[in-house]
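Two complexes are shown next, each including chain A; its partner changes from chain B in the first to chain C in the second.
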Partner chain A sequence: MSHDASTFDRRELLRRLSAAGLAAGAVAAGAAFFHDRHTPSSRPRAIPDWRLPGAAGYPAVVAARGPDPAANVRRAVAALGGMERFVRPGERVLVKPNVGWDRLPEQAANTDPAVVAELVRLCRSAGARRVVVTDISCNDPRRCFARSGIAAAVAAAGGEVIVSDRLRLVPADLAGVAQGLEVVEELLTAERVINVPVVKHHRLSGATLGMKNWFGVLGAGRNRLHQSVHRAIAELAATFRPTLTVVDATRVLLANGPQGGSLADVREVGAVAAGTDPVLCDAWGAVQLGVRPTDLASIQEAAQRGLGRAEVGLVQELGTA
Partner chain B sequence: MRARPGFGHLLLVMPLVAAAAWIHWRGTRERDDPAQILSVLRANAAPTLPAPASCRATSRSQVESYDRTSLYTLIDGAAESYLARGFERCVAALYTFSESGSSPTEVTAEVYRFATPAGARELFHEEAPSQGRAVAGVADAVTDGTVLLAVAGRDLLKATAVSGGGDATPFLAAVARAWHGEVPQ
Partner chain C sequence: MSWTTRLRILYQTFFLFVFLWLLARLAASDPRDLPFGAFFHSDPLAAVAVVFSSATLPGALVWGTALLLCTIVFGRVFCGWVCPLGTLQQLASWILSPRSRRESLAVNRYRRWYAVKYYLLAALLLAAAAGTLQTGLLDPLSTLARGLASAVWPLLPGRRPVPGGWIAGALVLAILLASRWIPRLFCRVFCPLGALLGVFARFALFRISRRQEACTTCNLCAFACQGADEPLGQHRVAECHVCLNCTAACPEGALAYRWLATTPPAEAPDLSRRYLIGSALGGLVAAPLLQVAGGGRSVANARLLRPPGARAESEFLARCIKCSLCQQACPTGALQPAIGQAGVEGFWTPVLVPRRGWCEFACTRCGEVCPTGAIQPLEAARKTGYDGREPVKIGTAFVDRGRCLPWGMQIPCIVCEEMCPTHPKAVWVELVQETTRDGRRVALQRPWVEPQRCVGCGICENRCPVGEEAAIRVLSVGETRDPLNRILLPAG
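For the complex of A and B:
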């Protein structure tokens, strides 16, 4: 069959339509494949609320003391009802310690590795499918995770460390905190979140505790929050609602924080607190630092906003093992 | 036949004589001090860290630089007090000292440049270890065996031992001595 240039039959029409369809499909597939979702134009993601409904009969915060940080974690979590109360079989858990600094555990700038590892073990024992440990370090992230002892301890406990240069950051709805900041995507996809700050001095905010620890899930530009740091810390506490907070006061950096370095600035306290009230956890941490909770504006503001209570007397002290 | 020197010849020579006299006068009146020139050049240069060989380190990581907008990525919230004191620039690196028969000692070193010597000195006094001792051969330096702080001119050196194994004073002091020998005073 022949046809001239101005007319074509049904077969030719179908052939041309198929070719055009294939070309359009290829362009669409390419656009979907190469599209960079990591752009400010992406739609901000909502921050989940990871809290569980309160269970009657358990204290809000429990503190345990003793020379073994892992034992302190076990005792405190057990007094809250055990990790099974917070983590269900098959869930993905994100553990957020403070791993900001290229420092040894003895220098007390990062969360103690034994505390982090024990939490990973408890989560795995409770049936967690995956336990990710991450933080956006200030110093070289690989050196921070290695030097702090956290990388090795977490691996041995069955967890997975993701250093910050492997993290994916996505725009998130942080309207109350600041516009345009990005958040670690692993955090947003986790089903349970455990915040594990270390208690230490901070030159700007007075102390680094649990609420301040959320700086470590924010991407570039988080220094803008330093301009009004106490309000920003309270706002972070209103935005990030963890399943559980575990405050590490195994060693406390009393001066020259947040990075520290001198062993003369470190005091061995040997205590860990765990709880579901992040403000009360911070109030307890402030006392371990030698600071009255009423002297930290961030704790006061968070309490006034109803994010928790700042009365340290509410903490159940288990005593020394 | 030779022409005899005349007034015209004198006029031709006069500029050369005047130039020579001016150069001689400048040389005797305003002689530049090479040490001063070097000092000015160094003061205007970026802060520096000593080469690993000059402090007997085995190696040094890549030197990273920070300015007023990126300082917080190195020291987080502590940046605010540095900025308030006129911080300008910073360089940082990790030194490794390996000795046979023992595990390597690692030392982080940071040099902060301020707009004036007063800014560097204020932070030196604020951060110097409370139980620190002087470092032999380095003026204005103190260490407690884990951290060393030294100040010279507009620069503040902060060195921190970040590996176990006891007193790191020899390694901290080696970095400080090498740095002190190069820093603008």
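For the complex of A and C:
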């Protein structure tokens, strides 16, 4: 078939149009495929608020005592209305314990594995689709998760451990002194977040508790926050608002914190507190450590900013089981 | 393709895969107790050289003798069937050079300078006897492992580049590219392990035999000869990689790999006695030259932090085969190949760089994988001092008061104290009240280091928030391995 230079027939028109259409489609498909909707031009990601409404009628913080850490967790959470109040079926939950150090549970530098595992179990039976347990460790993360007993306990409870070197860090909308630091992406995509700190001594901040536990979701550069540590802790508490805070005082590290090492520094307290007021949780934790909440500048600053109340009398003590 | 060729390719693929897999698992901190050092334990070059340099045959290196015995029976089957660097070269030459038959014949002819590897071997072994172990520079297993550790694994997501890693990568790349012009050029000309095996292959019980009456001198056997050992002429058994391409290629069936073959008579390596003596003397002279003029050994080097359990520098250098296993085993990436830090002799030996990673307090992986005992294996309780004795120290931390936030700038900080893993902490803080220039009162906690307790792990330096150069730095003084590199009098 021959064509005049100035005219072409319908078939040729269709051929050219479809070729052009295919090319355009390929470009559009490529753009759609490669386009990253989540981080357009690396704009910092917003940090969600994981709190749930409907706290009326429940105590803000409940503490349970007894020799079995898992039973303490169950009793405290039950007194708050059960895990069903915090986790809905099909939700993705992130549990953030303190797994900072290559230490045994007896050395009390990390959250007790029984506490973490029991929370995972409660989330699972409340219908959570996926329960992720993670932390950015200070020591070699594989050693920390193995030695703390948390990797094994969480796996047995049906949760999923993500060791820090498998985590992706993304720029996030952090305010104040933490500006510019990166945050664990897994945290930002979780629908519910449970903060599970361990109570221990820290020479600069006085104590490592729940609000300071947020250091563990921050990437490189977090060590600079120590220059203004109380303000940093209060700002992190204003930024990260968990669904639930569970303070582990099964064993308390009284000195040489935050990683300890000697059993001589460890006191068996056998208590766990759970609650929706992170400041009150920390105030209770400070008392377990033998520190007055009024002596901790981070708790005072957080209370002044209206992030919670620091009056330990508000904690409902369930007593020993 | 004949069944011998198929079988050989199967073997080569298997060993290449196992070699790569083991190192990849090692670099990924696989917690299983895999035989990471297996290839190096059966490396007779490492075994012989360490015997020359330290007069001992450390532990598992005794497997190297198994490979020598294997060579005495079967010839250099290691080169043709096992060596992963050999396999990669063969693959590279196959991919890179589609040759005509005439060219194939030309590139697979023996050349006199293929004897260079024997001179190199003589020089390296004599240098080892004189106290400097340099076989690792050209050992094919060390060379490939180093290339992987320094130039390939860093490409994986989440890994960091290795300073100076390109040198190790470039060496492997050059070796592979050279196969474009002459197949297995490195094996034929430079490989000291091949040369050592060649010395023993002269006694091989199994070798290529030729039925003279059946041979039509058609040259087909020489087209794909990997070792350039001329099966057609006076067969050079010491050069033969036992690839068996020649027996497969012979249309007359005149060639076979056979027990106690008599023809053709074996040709000894084509060596000049004068050159051999010259290279041996060269090695002898090079050793003291490297030690004296190369820098590194005479005085302790402040920033030369060796892995925990490393022997005293002279003994360490007499055993390190630069294989990079410790570098790949280190979970924090602290161990790096030395470029200039350890003198010329110590090129590519491991050095701990705290700004990149720290020595994990209870980790003993580098000593577990070291094939020669240059880094001695430690129990975690021994290393940490939890067994009640003094812990193993690799150095001592020093506070740089000009750069330190509480000391130099009246800004609170505590990170070094917080990170310190010993009990009680070697880094302790003194509480002070200071007045700033605008009259404000600030409470500061100033870090001090107690040298008796510091193990030099470097986590303080690694985590110090002060930019490029930390305000607390670990120097080698106080290291357990050197009784002269000390600050303190011994306790008690």
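Definition applied: the second predicted complex is superposed on the first by the 279 of 321 C-alpha atoms of A that agree within 3 Å, B and C clash if a C-alpha of one lies under 4 Å from a C-alpha of the other, contacts with A are read in each partner's own complex, and residues count from 1 in each chain.
The definition used in the following text is that contacts are C-beta pairs under 8 Å (C-beta built on N, C-alpha and C of every residue); 3 or more make two chains touch, one makes a residue touch a chain.
Worth saying up front: this structure is predicted, and the values here are computed from it rather than measured.
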Sticking to the clash and touch definitions up top, decide whether chain B and chain C on chain A clash or fit. clash
State whether A:259 touches chain B only (first), chain C only (second), both chains, or neither. both
Determine, under the contact definition given at the top, whether A:139 touches first (chain B), second (chain C), both, or neither. both
Mind working out whether A:102 is in touch with chain B, chain C, both or neither, as first, second, both or neither? both
First (chain B), second (chain C), both or neither touched by A:75: neither
Going by the contact rule set out at the top, does A:309 touch chain B (first), chain C (second), both, or neither? neither
Taking the superposition as given, does A:165 touch the first partner, chain B, the second, chain C, both, or neither? second
Now for A:226: first (chain B), second (chain C), both, or neither, which partner does it touch? both
Of the two partner chains, chain B (first) and chain C (second), which one does A:201 touch, if any: first, second, both, or neither? neither
Based on the superposition described at the top, state which of 5-13, 23-31 or 95-103 belonging to chain B clashes with chain C. 95-103
Of all the chain A residues, which ones make contact with chain B and with chain C? 102, 138-140, 143, 147, 202-204, 223, 226, 229, 256-259, 261-262
Note: in the complex, chain A contacts chain C through residues 102, 138-140, 142-143, 146-147, 165, 202-204, 221, 223-224, 226-229, 256-262
Help me check something: in the complex, which residues belonging to chain C touch chain A? 29, 31, 158, 331-332, 360-363, 405, 411-415, 417-419, 421-425, 429, 445, 459, 463-465
Across the complex, what residues on chain B touch chain A? 72-81, 94, 108, 127, 129-131, 144-147, 158, 160-164
Quick check: in the complex, which residue numbers of chain A touch chain B? 100, 102-104, 106-107, 138-140, 143, 147, 202-205, 215, 222-223, 226, 229, 255-259, 261-265
